[in-house]
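Quick one: the structure is below, questions incoming.
Lettered A, B and C in written order, each chain numbered from 1.
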Amino acid sequence: MSSLQFKGRDIVSIEDFSREEIDYILKSSQAMEQFAAKGSDMLKGKILVNLFFEPSTRTRLSFEAAMLKLGGSTIGFAEAEIASVRKGENLADTIRTVENYADIIALRHPLEGAAKLAAEFSKVPVLNAGSGAEEHPTQAFMDLYTLQKEKGKIDGLKIALVGDLRYGRTVHSLAYALSLYNIELYLISPETLRMRHEVIRAIKNKISIIEDTNLENIIPQIDVLYVTRIQKERFPDLAEYAKVKGAYRIDLKTLQKAKKDMIILHPLPRIDEIAAEVDSTPQARYFQQVWNGIVVRMALLALVLGAVK
Amino acid sequence: MSSLQFKGRDIVSIEDFSREEIDYILKSSQAMEQFAAKGSDMLKGKILVNLFFEPSTRTRLSFEAAMLKLGGSTIGFAEAEIASVRKGENLADTIRTVENYADIIALRHPLEGAAKLAAEFSKVPVLNAGSGAEEHPTQAFMDLYTLQKEKGKIDGLKIALVGDLRYGRTVHSLAYALSLYNIELYLISPETLRMRHEVIRAIKNKISIIEDTNLENIIPQIDVLYVTRIQKERFPDLAEYAKVKGAYRIDLKTLQKAKKDMIILHPLPRIDEIAAEVDSTPQARYFQQVWNGIVVRMALLALVLGAVK
Amino acid sequence: MSSLQFKGRDIVSIEDFSREEIDYILKSSQAMEQFAAKGSDMLKGKILVNLFFEPSTRTRLSFEAAMLKLGGSTIGFAEAEIASVRKGENLADTIRTVENYADIIALRHPLEGAAKLAAEFSKVPVLNAGSGAEEHPTQAFMDLYTLQKEKGKIDGLKIALVGDLRYGRTVHSLAYALSLYNIELYLISPETLRMRHEVIRAIKNKISIIEDTNLENIIPQIDVLYVTRIQKERFPDLAEYAKVKGAYRIDLKTLQKAKKDMIILHPLPRIDEIAAEVDSTPQARYFQQVWNGIVVRMALLALVLGAVK
């Protein structure tokens, strides 16, 4: 593994990483568990600047907690309506300003390509904390790490992505990442919210893909149920929305047909696509996933800043 | 005192505490004065997450300063319009997410019962930083500590709560707490803003209560004047408001009839219910109270996180 | 230099400082470069409270980075719409509250005189981070330090301030400061945006001043080009605005006539008054200036808090 290089690297897209690199990041994440629990001074004196041009409390707090647990500190902003943006400054200028304050930058931006642009201009590493509708690489690392931690391995799993596979930011990054493993991928969604063609095209020669609109049929065979929100706004017809919503809702009845050791993940926030009664079942792992997000981001921060090899 | 248990405990309501426990917290607060002045590493590596669903700069900064002075760090948000809330997430889910980032949570929420609900779902201790119109327990601890520090004792004092006793968040918590001491309580307010029945009912058998609409009459005999804001919005009739406002305003003339060692407290912010000319009198203690708020919150953080016993 | 006293001092206006004091601050800034790069524990346990009543991400993050690099911590707010202000509290009360949380306060406020008022009420030192349209002293220190660092000296330089000299907050503080040095000052602006009379009056007996509307003519002789934004809102007539804007825009063609070692500064954010093609020229120093801002603020924090002499 001596050929792996993380120091100084940007984390823009999950597609920039080989399986070997991803496995190494998952291994480093595991090593971070102890520091997540008891703290560390590994990044003492280092500053993470959070540039959140759209609000995402969950992701922002996760990056901040990760940095603090490594002994570093964080500054930044968490709203679109910040001063310099209002004054019309472009992103490249913002980056060339902010890099002076930062040892590392985490960027959340509504436009696709924003993280890539930022990485090109920045002297310090840029971590993509979600840009546009497509990429959210740290979420994908967190999902993979959860699979590895909960199931002991990723290879061999039958994994269903359920819900809105068209607009969901996280499922695209995750599908790309899963295509590097030897898994069976079930894509379960309403017709109008099927996984985008370009994602299918990029991964279909690598893994076995089963697309279906019916969740009930496939439930008995799968190991991992990755549920996403279906947003009302996507449906011109509210009756159609109501029908679809009901068909993909997970409740105790859904679980009766599932394997005992199936696990349920969700990128959160959850609205009602998973019934509250499921929360206390052993299958529910969506809140534990949040902890894994901190651990993975600690690993990425430490690797990119050269604090671990 | 070996029976007192604070580690891991939630601070939801002042009514959950016995007099013995409150006295212990006040004693711990006193011991914190030195660390408030020169800092400490007592909570190094610990993270306080501030969830402020309604803005309260004063209380938020007080919690943050308390945590920093103990060597810990803080993250969080300070506005209602946060991302996950906008997406419709419920409070229980927010808590089960955020507890992963936190060693302890401070919650401010517009709804009554929010802190209690949060405490039920959270694995880490929850500190109520104000919920709904009723409870604000850390403010009550801070008021009690100020009495103890300024007057040397609480028992035996004649204490007047003045102004809006109906809607004011702080006076309810304070009245409950004072009922554990051997004091005389004067409740001075306009008819329409009298102390709520349920509060009176809960405390009237424990302490002597004098209700009155007239401030002038009782001024000469009291030791502590606890002044609160009277908000214009409470009055349908503006002429009525103007009259009431004038009758409860504290100025130098008011003080002429007061004891020399009477002290004036106010939960702040103060608008014009205390004239600026009073600020430089020895009776004015409302700005010193702010310091005491830090000290008390340091004690609560340290006790609940098990850093002191 | 034993007569210089910085500990406990407010930084309200650049006009409060003698040349000897400014030179000392610049020297202290240079000594901070090493701590800006590798961190320090000089202000461990100290708390900076940022009170930003108007948003200014750039300045706020610069103060925060400066404090963190010295081992201190920061709390505060960054919006006008804060709770206590909405409740009608006046600035003096806010200061007398916040000083309890703070070892030092940085204040940004839309009203002129706000920093001065805050300094009068505060027990802890107040740093003016921009108040009203006139004073922004830490920006002026940062500009002076950039001149010193980039050109090796300030005396003897021919310096042109270009653009909006009437409403620009930074050029007034800078002009006052430059009048303490032996320089030639070129004030290049449209007629309607000329430098204010009171500034001219205060400095005209100390240094040589050349006012002109034409940038092209003076370009060949100057050493430093300090460019500012011209805001559309200042012009009732948009055609007039378009003409003016074009006349003061800096591009590669402008630079052809300039000295090879001329440097270009800009307080940022830059909109289009400097063409992007200029960014990669050796003359462009506006993004490096941001770093200098951190260094200067570190020096001011350390001096005022008595951590260096």
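Here, contacts are C-beta pairs under 8 Å (C-beta built on N, C-alpha and C of every residue); 3 or more make two chains touch, one makes a residue touch a chain.
Note that the structure is a prediction, hence the values are computed from the model and not measured.
If you draw each protein chain as a dot and join the dots that touch, every dot ends up joined to every other dot. Counting every residue number used by either copy at the subunit A-subunit B contact, under half are found in both chains. Taking the mean of the C-alpha atoms as each chain's centre, subunit A and subunit B sit 40 Å apart.
Shown for subunit B are the residues in touch with two or more other chains, namely 73. Remark: subunit A residues 38-39, 54-58, 61-62, 64-65, 68-69, 73-74, 78, 229, 268-271, 287, 290-291, 293-294 touch subunit B in the complex.
Here subunit B touches subunit A in the complex through residues 44-45, 47, 49, 73, 75-77, 81-84, 86-89, 93, 96-98, 100-102, going by the rule given at the top.
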